[in-house]
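This is the structure I want to talk about, given as structure tokens.
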Amino acid sequence: MAPDAAAADVDAVVALVESTGGEAFVSRGVTGVYDPVSGREQARVSRVVIGLVGDVDQLEALNLQAMRGVAKVKRISTQHKLVSREHHPERSVVHVGGVPIGPDTVTLMAGPCAVETPTQTLAAARMAKAAGATVLRGGAFKPRTSPYAFQGLGERGLRILSDVRDEVGLPIVTEVVAVEDVAMVASYVDMLQIGTRNMQNFSLLQAVGAVGKPVLLKRGMNATIEEWLMAAEYIAQRGNLDIVLCERGIRTFETATRNTLDISAVPVVQRLSHLPVIIDPSHSGGRRDLVLPLSRAGVVAGADGLIVDVHPQPDLALCDGPQALTAGDLQELSRSVAELTALMGRRMAGHARHERRRLAG
Amino acid sequence: MAPDAAAADVDAVVALVESTGGEAFVSRGVTGVYDPVSGREQARVSRVVIGLVGDVDQLEALNLQAMRGVAKVKRISTQHKLVSREHHPERSVVHVGGVPIGPDTVTLMAGPCAVETPTQTLAAARMAKAAGATVLRGGAFKPRTSPYAFQGLGERGLRILSDVRDEVGLPIVTEVVAVEDVAMVASYVDMLQIGTRNMQNFSLLQAVGAVGKPVLLKRGMNATIEEWLMAAEYIAQRGNLDIVLCERGIRTFETATRNTLDISAVPVVQRLSHLPVIIDPSHSGGRRDLVLPLSRAGVVAGADGLIVDVHPQPDLALCDGPQALTAGDLQELSRSVAELTALMGRRMAGHARHERRRLAG
Amino acid sequence: MAPDAAAADVDAVVALVESTGGEAFVSRGVTGVYDPVSGREQARVSRVVIGLVGDVDQLEALNLQAMRGVAKVKRISTQHKLVSREHHPERSVVHVGGVPIGPDTVTLMAGPCAVETPTQTLAAARMAKAAGATVLRGGAFKPRTSPYAFQGLGERGLRILSDVRDEVGLPIVTEVVAVEDVAMVASYVDMLQIGTRNMQNFSLLQAVGAVGKPVLLKRGMNATIEEWLMAAEYIAQRGNLDIVLCERGIRTFETATRNTLDISAVPVVQRLSHLPVIIDPSHSGGRRDLVLPLSRAGVVAGADGLIVDVHPQPDLALCDGPQALTAGDLQELSRSVAELTALMGRRMAGHARHERRRLAG
Amino acid sequence: MAPDAAAADVDAVVALVESTGGEAFVSRGVTGVYDPVSGREQARVSRVVIGLVGDVDQLEALNLQAMRGVAKVKRISTQHKLVSREHHPERSVVHVGGVPIGPDTVTLMAGPCAVETPTQTLAAARMAKAAGATVLRGGAFKPRTSPYAFQGLGERGLRILSDVRDEVGLPIVTEVVAVEDVAMVASYVDMLQIGTRNMQNFSLLQAVGAVGKPVLLKRGMNATIEEWLMAAEYIAQRGNLDIVLCERGIRTFETATRNTLDISAVPVVQRLSHLPVIIDPSHSGGRRDLVLPLSRAGVVAGADGLIVDVHPQPDLALCDGPQALTAGDLQELSRSVAELTALMGRRMAGHARHERRRLAG
């Protein structure tokens, strides 16, 4: 739709298509705009796309191009229509609490694998912020292979994350594992993560697609790139285009690393889809000593960001301690990543406020 | 617990364990008992197992062995306690609407991949019954890689299945894909299926664990056997031991078949777990011509049953037509499987009614 | 070529094709015919096939069909021409020292993974024969991942095998790992084995293709079925169609078994190629307890034979002891396999001598 | 051994060890030293290591430390002794015709996948040199999955390569596929390549280990890192420590790329082994558009070099055209790689002559 299309214009297109037995899926990308009065970010719809499914001849007969508010009608043959680059040639920017993730920036997200205590979470958040990270990660719901492993603090963990955000000022991304928790989790955080084991939990994908918060969609450890984009399409179909894809390693026969980071996936996905792609160098390797080289590799392969585990005391971590960085590790990583980011002609993503100052200054 | 343990005995054990900070998970296996008066099957609890998690020394100090109703206290070191053979040395029998699945029988389940119309479903069910199948499979909720593929008829499909059961007399197994649907789906069918993409959807596992119907747990196409048993443990922990495992092919580099049936998984799992294991020769290969040889292979490798796709008109199927058997194919398969079953010293599983007659006669 | 085609006829076809810039590959299948005078088997060429590569229009213009000795000219589009079923619709029989491997029989091959001493080899051979095996396997050259592991006895091992054959009367199959050894190894044994690590050692494939002994071609543990048939094509192209394919497990993410037996490969290959296919249940699983169920599965999936490890004292074996069967295990396996073989409408393969008596009797 | 150990000292150690029933493997690293008189490089032995295998107690009783020329006796528990970092803590430098491959440099190797004609090879070599590559790659023996695909020009191709080297001045690496060709190939080129399909062709590994030229050992597409190092150990055991490892993608379920570049393998191997590691971004992805991002990723992950396909007319290439770079692509890659190399605190590897001038200037 055109940038100035009204809601009524959109409704009119949908009604017409449905009248012929077709289906219409409306997706909106939302841009956070910094409001200097409130000091908070306001959401503004930046893109509206309507995906149509139905008989091609019938749809063509509708002459949609002539309708008010319609910018362009395009026939798309790939199975992942809404997230495809064929459908939306410019690469997208997704905003998380004012922090952009997209083609001009590299966004550093850091935080503890699992929220354990207020003290540990606050310490980790300060480590993240001090090193230049601009999004805080932290798990309150942990899907674990064994039912006897630590499953996360649940809503208590979300309250800790929320308090830490108020204290430290970083937007939060956290995993959601059940449809019934989606609205509750969304009320606490800035971005919802779909974990690797839930990449084909289609009802969960649809639920996060409907809730109106950006989504971080991790690749299933056994998912092809095609299946991953299809999973994103499930979210987009429910009206949410603010999706960031995260490559986190695939399952192979190699046992020296927990999973095998598929570094090629970054450029391959960016060719097929307009969505941003980041990498998780912590979970893919499962080893602290690999986080730095894999982060570097991700940035120069074109990744739009990184999400890494940090912990004030990795040896005491309740989850994935062997891969968590210390404060010093993270600062070294951040320095190295910043150098490479500049070399790639990009900048490290800051909060909108600082971006503004930067541009003004 | 002892066979004659009362509910109060179970509660007493749980209360004592929890008083020390430990956790107690009560699981029950339910046997369907045919009631000649109502002509229906009544559920009877046949096994009660309480899994304990906590500090080993503290748990030992409780002297649980001395409590009323306690048959045996056993320390289990594997991570999948409740489903392990270490915990329950005899192989279990699970009953689905009066039909046993277990070590003495081979159970043939057949039906359409997807419920499309009442006519198609009834025709497929009659094909199944005529060939000797004793459980009807049929999908009403279809998790599909693409959001644009046929997703199943939903509750309408369940009503069709239910009507067909009344007409034909076969108990039904169907997939459930969302926590919020579990109770509704359970109200229509005899067994709930967890599909390959949801094997690590832990909230769904917990939901089917709590609803009191037998569960068919398909192996994730990328799941190790260890992870598969852990997924079963999630169900068992919520109190449900009536779990049947289904090997349906794993993802490998080979492209001649859709997935690679891991035939070794049958004996390997039977060594580790007391739960019954069946195979799905239709989805693993994805080719009609492989269904017969893989079914045979499954039976002689020790599988406790088979679940196969049939369709009255495979060419018109909305889902997985290339692998669906015709009526003639299914009869040939059934004959061959029956011969091999006898050779293995087992019998084809029939409904309790007929079993009774068989034993009486 | 026609059964009565003369060598000169074959040469004439080759000369004509080469004169136009094309290539011609002559392959022969050899049948062992029992000679009652010498008590030994004589080789007789049973099939001659000439594979042509070149410009299709030019080859058609040659009118080869009219040449003397030519039975049929056929255009083949698959990449594996000589071994394809398109090229040779009837399934082939390969004879190893008088023992058939083909569609009417199931051939049991057994023996020690590695030849260690004359005593151990003789004991294993007697175990094999007593249980009804009709081909003896035994390794003298062992390709091992580590250069510090036992590498086999080399030619000394071949002499032991040869002595044991004279003593026990079973033809021998053994692995060859180097081009320079092919002629020497072929002088001692009845069938040459190409191991999984050498499946794409193309110069070795060509060498065994030229030496005139039947070849057992194991599937590479990472090879697709397409690549496996291509490897067979390398052998066939050098003039040898007496190839038996052996499925021995592929590499997957599963760690409960050494490799994953791809049981589907048996019917899939039999559709694509006329060559016999056997399975190796010992190396695929790497566990003694899986040999019996996998052997059964192989037979009913249509395998033309089995090759299993036996050892008089598995605990002392220098190679793969954990998977070797004892004498009792092998007899149980043989009984079970014989029952299933009969059910499949086949017979256990015996030596030509006994076959003759059987047919005569 | 100490740097000044004499041949007699080495022999004395070997003799003593063998006298106790142990085995001793002598390996030498050779450094090319530029001789200003001849204008050519002379080989000088730079490291001598003797690997011992045998009874640990007996070996300890020998008191080898006291023998003349012995620098250090060390007990090594890993299976890959000679190539392990435990055994040789400093990372090694391997010289190819005067060009170093090691921890201080990044070496760019480029050339055609297959040598087709003198003109094409010369054009590709000039493209390589113009862009700053310092080693020329080119295949004369091509192991192809299909026997009907172009197999390379053989010795004729080697003569072309040799002529091009004289013309352009770049040392050459080429693949060898058969034991019987090793000496002949080594007489033409500066470095021998073992391809992915031959990584476990142990007799070929031993042959190149004995011939005294540096070896480029590609990882098997299905080989674990452990198996890859074991393959290197086979070469080292025959006396050759001048081995460069090359990660070229592993086989996974993903089909968007030909293979999956295992970028983690670079730092993982460098931790376990002292040998240099390079990557092949052309064969791993199989797509031209991935060569640049994967090359960058390799350099910042710590790779010691790159080997890439170039072709003057990729559309006409007889082998792997879709992945070959054009002249412009290669120059862009070279500029980008040089920037990243500097950032990593390394330099692009030049020929010894130029290195000398650089150091002198």
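Read from first to last, the chains carry the letters A, B, C and D; within each, the first residue is number 1.
Going forward, contacts are C-beta pairs under 8 Å (C-beta built on N, C-alpha and C of every residue); 3 or more make two chains touch, one makes a residue touch a chain.
Predicted, not measured: the structure shown is a model, and the values here were computed from it.
When B-D is set beside A-D, which has more C-beta pairs in contact?
Between A-D and B-D, contacts are more numerous in A-D.
Average the CA atoms of each chain to get its centre, and name the chain whose centre is farthest from that of chain A.
Most distant chain from chain A: C.
Whole-Å distance, chain A centre to chain D centre, using C-alpha means?
Comparing mean C-alpha positions, chain D is 40 Å from chain A.
Mind checking the centre-to-centre distance between chain A and chain B? Centres are C-alpha means, answer in whole Å.
Here the centre of chain B sits 36 Å away from the centre of chain A.
Just curious, how far off is chain D from chain B if you go by their C-alpha centres, in Å?
Taking the average C-alpha coordinate of chain B and of chain D, the gap between them is 53 Å.
Residues of chain A that contact two or more other chains, please.
As it turns out, chain A has residues touching two or more other chains at 222, 226, 251-253, 255.
So with touch defined the way it is at the top, what topology do the chains form here? Options are line, ring, star, complete, other.
If you draw each chain as a dot and join those that touch, every dot ends up joined to every other.
Can you name the residues of chain D that touch chain A in the complex?
222, 224-226, 250, 252-257, 260-268, 271, 284-285, 289-290, 293-294, 296-302, 339-340, 343
In the complex of these two chains, what residues of chain A are touching chain B?
Checking each residue of chain A against chain B gives 53, 79-81, 143-148, 177-180, 197-198, 200-204, 220-222, 226-227, 230, 233-234, 237, 251.
Which positions of chain D touch chain B when the two form their complex?
Its residues touching chain B are 251-253, 255.
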